[in-house]
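Down below is the structure, laid out as structure tokens.
Residue numbering begins at 1 within each chain, and the chains themselves are lettered A, B, C and D in the order written.
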């Protein structure tokens, strides 16, 4: 069943709004970050990774963002260009703002943390004036990221994109994507997550992220309560992820669909989420059944936690299909399905 | 007909959120401000004036605000105490922020302007942590002011109050109250006015203020379009004011009611709006018909533009009634009704 | 003896750098400020008052400052123009900064305090680019005020004016003028007061102000230690004021000269200092002996503490002379001399 | 001859004030930075490099600085500890400030540039309260870095350290170390460089850096004019560097001593300066003749431009001596002497 209609005649399958950043992953990992001596740099940032994931899967993406006016700004723009992502609405900052950096600490297969450089980060300087209604109208859907709500003026630029999408009957996908940087208080997070979720057609996030979004709503903290609350506000699909416990998609017809991770040898414990989201959205845009969307998403996630990079290692359709085939051969048809 | 239900069992008829300020009106007026040499100081700020208006009319108000930790903070708190307005949730700023000032320029009966001191103004430091759900729950209604949305953290504090009122089924009254200070861009105004209006049970503002609220909505700029758009989002009463052309209240049953100003000798061209709002709300809380609410509001407005102060000259019920009686004797029963 | 040479051929006797502000003095005084209802507005700010004082005494002053781009900016500029003070280097702020305000509380003849509006004050936005060497060179002396060092960019603008005066062999007069606003820490005050005092030809301030300037110098807190320390750095005249105990000027030839206040019926306990400084400087520019400079300064101070305003009530030469004559007739020739 | 006396009884040969940072040098160099994929991280920051250089040469250093409260803060503190540099006055920032980063672009042996992350950098948060007079007094000399003057509160902390050193008769070494980040205007640079240089016993910088320091001094732009101007203010040794043209030390007895670079195969064109300064200072502390100090400095500089790192590759005494011996054998005794 189709829960959300996407207008196939639009120039872009998806227009994403939010951060493009740089990841610096240690080459000498499985130790504390202060002992790592060498780092590989990759394009990063949740919406940027999702865009690359979708591009690899054959979808056409546009991106609205601010990046630094330096060699890293050049690197990420060139990377997008090479992937076929439209960069016509990527603006260079002019006041010395730097692109966000994420140094990752990979202590073991399952323990990791990050050190983020996000003070005066270029992405948070996205200005409402950068958000162009004519461009928004070229998208079959608009994706906004919670981190883009953390600070002005990116906050208002993102809300403007959301309001303009609504005005033009374009579905809004809200990726909660919470990062504990830049926010001034839990109340601030809850205010903006609540206002954005109330305007979204699809929401995707972890249990912890929904809890942030619902601090002023008086819910009981269950996934079912979250799903029915936001569906009552207009959401058609509400996905709650639970890490290695798997995830569930709740649809506005009262159904729910669950998936669990494919078994895989982990290299690191992060990076799967953006693969999951991009592969889920690809399948949704293709018109697949929700359970198939979830399986495709879960497969991409599994492939990425086994890789060193995130963006750079995003798989194409054939690779995801091959992975699923191999896993099913090894573990059985229902390996990921609950 | 009752468009909005107010719970009479609550401790307060209304809890207001927003600015308390100080007005400095010239004693030697009808000249440019730079030539005025002497000023009288009054309590000011739109929501503060409305609270005083309601208190004079016998209603019980609570107020959530930040004021300066100096003699002016003492002055406004004492003034509220004397009027019977609850000041238990008025917080003193601790980092040298000063209470907002408004110097008024009264060039003639009909020409005026203002010079506002609102840099690091105390009211804009209202913090989400100052907004207490238990207090909100004691109000039969909550009033938020557009100017309180102009800057963080007052912006988030105000949105939190709105969300908590909604959670507790308390009607939200949104007074657009636009001031061209502190806002960074027109887009910023439109984003927040739009999000707040979509959550309001009653909205009151001028045509210009609605235009700000609707820049991302694609409406046609008519009052009727505004009314039906916001009613579709949940508003029950939408009032659009047009200065000396009068004003119209649109109700969610498709009716509209218009009023025009009572003829009066003006002293100045400002200060009527807060009288209007307080007297309208008083009548609404009393359960009067909309047209009678409007007449009562219009009478208070007329009395205030004929006075030097705003807050200090707010009339009580007997005074408004006497004014209306006298006007009707002089100009006929339909003097203000359209 | 002449301790400092002033080049009489220069266009201006003095170029002042620092704040122009507005004072609001209560008309209904001798009560706490929160009970005062009516205020008279005057031009204020220590260097602005000194400029007016000098202009009334017949000296030609230039002024480098930033003021607000509103009616108060017009008021102070017009006031200067009327006094014959050059306003060609008074710049209007363009980002909504407001001119500083000082509300005075006059509790009794001897008790007073102030509430200052100095957040984003126009004067503290004075930019180094506003300081023009060609203009500085037209002054026979340059006066800088300690309060102008409280925040960037006014801090750097003031230090630039000081350095350019030194480069051009123009005497620098440093008025310590400490106000407990805007400074971040005592260390910050001490750093800048120390660096400025080390470059001054004449320093004037209270004991408390010297103590701030000397926290990193290891002195013993006596006036004599202050005088010899700063004279060793290059100062020719060091004046330490002690309120109603009088004041002493220390000259670089090892002499000292003391004065005490003229007996007078006080209206308020502030406002004398700028009269003192302007009348002292006038006399110094005229080539008078130090003790006569002090007497003239003390007389002006006495006249101002008996008046409601500061700037507006600055006396001319005939008025000061008449005041001294009258006082001497009543109290004897040595009334103020120690 | 000894131009500056260093008290050998002090606990530390030198106390340095300023930045500790992290360098990220590309492993795949000789291409534009946007094409480099892998980076090695080193401790960096001019005064930090100088401290490491001196420690390797056997001198005892103390350091006053702020670093980030994260794994990079741990890395640099551990590195200092391992080198024997005292870290008792290295403070962790508590408001999310990050340690400064320098990504280097090595396009060829002679072309390089940098991308610096210095927004809200930890080192610029050094607070005057972090500067402890008792610690300062334990140093035989105090070194301040020009970059530490770029922003408050580091600016005031550095000036406080300078004033306290002067108060305690401890020589001040001012390393101009100009970086085009954080400064608001050229005037701001000139104000602070001028005030610091006027208080220094030794100054070291490039011609361009002296030009910044002297914009308000009216000099003619020659090294000789710089030297005599600052010597007149109190400097004993003034060193002007000219990159591959060599450098000259001007002493307060009117002599000058010149050195030129040792011939060496460059890996990169930066990183030599801090080696030069540390080796020069080591020799000066040892009581060597100025020309020998310069030769030792130049040798260390040559060794570092041939290395990938800066701090990590600082040589010890035996290594510098061996390098000089080898160079002289190959190129003659006067290889570096002019």
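Assume contacts are C-beta pairs under 8 Å (C-beta built on N, C-alpha and C of every residue); 3 or more make two chains touch, one makes a residue touch a chain.
Keep in mind the model is a prediction, meaning the values are calculated, not measured.
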Centroid-based (C-alpha) most distant chain relative to subunit A
C
So, what's the distance in Å between the C-alpha centres of subunit D and subunit A?
44
Centroid distance [mean C-alpha coordinates] between subunit D and subunit C, Å
42
Intercentroid distance (Cα basis), subunit D paired with subunit B, Å:
61
Specify, in ascending order, the residues of subunit A that touch 2 or more different other chains.
none
Connecting every touching chain pair, does the picture come out as line, ring, star, complete or other?
ring
Which pairs of chains touch each other in this structure?
A-B, A-D, B-C, C-D
Which part of subunit A faces subunit D closely enough to touch in the complex?
24, 27, 32-41, 70-72, 74-75, 78, 96-98, 101, 103, 105, 115, 117, 119-120, 181
Taking the complex as given, what residues does subunit C use to touch subunit D?
127-129, 131, 152-153, 156-157, 159-160, 163-164, 167, 184-185, 187-188, 190-192, 194-195, 216-218
